[in-house]
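First the structure, then my questions, so here it is.
Lettered A, B, C and D in written order, each chain numbered from 1.
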């Protein structure tokens, strides 16, 4: 079964910063999507500047896994679109949050925490260690791989305790970071991956590309969308699995919806 | 050390519904606070109708654990107050979410999920089972306790996988529910407890009261508030724990704050 | 890719108890294996009475997922075989532990807890609720399904907090049970499923069969076996990822293995 | 309430290795116990060479938290004593496993995994980062602390996904390690802490001592011992919480114990 990924890019620094523009002439989203396609995944792109940021409801409905890269323009993403993406994650769409996307609206909403961290942009070496070698996201990776120049992201990373810690990063300047973690929200699987600072050629790195392809496959939930996940259905007395009779006082009239 | 609890009540049905008013002449919040005080906890109350819903910043700053009961008026709680409560939870304030509070703004924000469930108001019997008998929240409780009349809350309960499942409920009509679960968000410990429908005398029940007292003690985090949890501090090159030199291109100027 | 399952049966009550023998003329293991084959899984069987209980090393090496049903003869399973099975789970073989297998040596070893519970054999009704509807193990199942006659298994179930709770059971006599849970140990995924008492036709039930087929697919880890998981390799100074020099006192001579 | 800790030491290298002997004239266990006492904890010691390794049942029964340091002589610890310790952990005794104790029989039994890792003894620098600053075990600690000489312990560390990751370590030679993690088994809280190689003065380090004191307080479970955790009590039909009648076939006679 072909997996349909959608790579969302903020698409700002590619045009404002010459280094970024030279590294990613097709946009970071373009480079990521090309890598996914080379890995057998059907990948399209969407950007901030498109109507509805390229994330119309029908497009999300046919997306198995959304990848999210944002940095400078988190505040320009419309709340209505963020809510829509969140709804699709709840219903089963996978989500990969990349690098500076830790501060995106969508990630903070899904985590329920500030998602803060410490950082340093010094072009230092990062070494990504696999702590869970048989995890699907680590398939085919060596015990560690190095990124000769990277932005340091350091602990404490204010996210909820993850379902699984897949990668830990070592930085030349002395910090460590839980650089690959998973969570689930409703039917949606979520993976955060730290490497990806835009002034370095990180999305051209074969190991980084392999992580992303693996993670897309992992985050793909083949179950039908859980469309009723936001509803709180009343199961009336006459439909109780065991026969019971209503008794005592009540607040709601028969057939009345619950409060929200 | 005395623990300072604050019991927040929506305070609507107590005045609109005669049954609720008769059961809780001091409000549900009043009954809960009295029970906590009888358990050695310093407990105050706050209600929706007060300025800032009784949840001014300085009041939350001196609160160890907040209890939240809301049902009909979730939508009337101001977003600014919800954000303030969330910030205090992140910094270390404990939070107990009670019954219909599953649909409160604050719980949904902290969970990152819809927090939906199924329900039935039939005055049926609920039996609360302890699955984790040595958990502090279960201290002094029997293997199970019964609530002769309760509102049914059924699965699926759309919350993230909990840190711990403490209680499971059995309902006469045939459903089950994870009725006591814990999570952590930043420095704040969160406990959800299902029993508490307003037309039944549930907050007068000694076992329910014991759960609440235990949970307040459990949720109390004596650490100083984690005031910087929302910040993403830059650790510049000259303050790196290991000596490094900056190299390569950069996006940020020295001393510049990160994007949000 | 075809998944190779191996269904292990204790194969005692089928021969000692007329009811069980009549329900399962091919053994419970035979019925389960036939159901898996009908679901597209390549399934074989092994029994206690075979040499090495049918679990020779080379057989486990080509098994993707092992299913374990035992009850009366837990003590007759040789420790050497249990250790071998545990090793294969660590290396990536999936394991489904069924019903009274909660007290098997292999499950207790992998959990590190007593795996005790309460029980009653009264032919009462069990209703299995899905709490995680988009989980692969719940694929195609209704919100709940009923088993008209079942053995009650009740909380507290002394297992570690699971990775995921997939099913909860309601019993006619008033108990509840976390009847479907997942864990991971090394590369191996583990699923416990409660229904399966031998005097009732539970493994003929289509919903139970669907759970088992789903769980086999979920527990299958396509990664190569993690053969080195029990080793603690020394990474000597001259192979450190960053250049360092040894300094100070030492306990071990160069090239010496660590203590175990 | 005074907490009673018991520090178990293998007590071998202190006598065989001059460096270790000079660093720890009272044994590593003696140094650790003295540090705990200075922190207000009632601490005693026990060693491998005592009868029953100093871990008689009545002694464990009055121990709130056991600390375990072993390295060279894991194999000399009697299985009966290991089973006894495990039983007390299940019933609620806290356990701190230190450094090379990762390969102790008791830790492997409680985890259900091989507990392997990679290692290097080069006297290199370790930097311990707090990832969960408001966790009780991190109370009073700085964002990171350094151990100028330490043994490297590297990932993958073959333990189950923890309840909480409290500390991560950075090593000069390029590795990372989850150096402080928590789990629960039955009523017992377990904490593993990596620093503690015997040829360096690590247990004289004030930050290490603070971690151990904090962890003892955290691991202390004031609940009564869960003495029945290994039992699987039958709850007969006439004692079912809801009135039911037995029906259909049965395997067990009334009053018969379950199989184990």
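What we mean here is this: a residue touches a chain if its C-beta (ideal position, glycine included) is under 8 Å from a C-beta of that chain, and two chains touch if they have at least 3 such contacts.
Since we're looking at a predicted model, the values are computed, not measured.
Shared contact partners of subunit A and subunit B comprise C, D. Counting C-beta pairs in contact, the pair that comes out ahead of the other among A-D and A-C is A-D.
Averaging C-alpha coordinates per chain and comparing to subunit D, the farthest chain turns out to be A. If you average the CA atoms of subunit A and of subunit D, the two centres end up 36 Å from each other.
Between the CA-based centres of subunit C and subunit D the separation comes to 27 Å, rounded to the whole angstrom. Between subunit A and subunit C the centroid-to-centroid distance comes to 31 Å (mean Cα coordinates, whole Å). Looking at subunit B, one finds that residues 127, 133, 154, 161, 163, 174-175, 186, 241 touch two or more other chains. Taken as a contact graph, the chains are fully connected, with every chain touching every other chain. Contact residues on subunit B toward subunit D in their complex (touch as defined above): 92, 127, 133-134, 136, 139, 144, 146, 163, 186-187, 221-223, 226, 241. Subunit A meets subunit D in the complex at residues 127, 129-133, 143, 154-157, 161, 163-165, 168-171, 174-176, 178.
Against subunit B, in their complex, subunit A makes its touches with residues 13, 17, 19-20, 71-75, 86, 90, 100, 103, 109-114, 116-124, 149, 152, 154, 158, 160-161, 163, 172-175, 183-186, 197-200, 229-237, 240-242, 244-252, 258-260.
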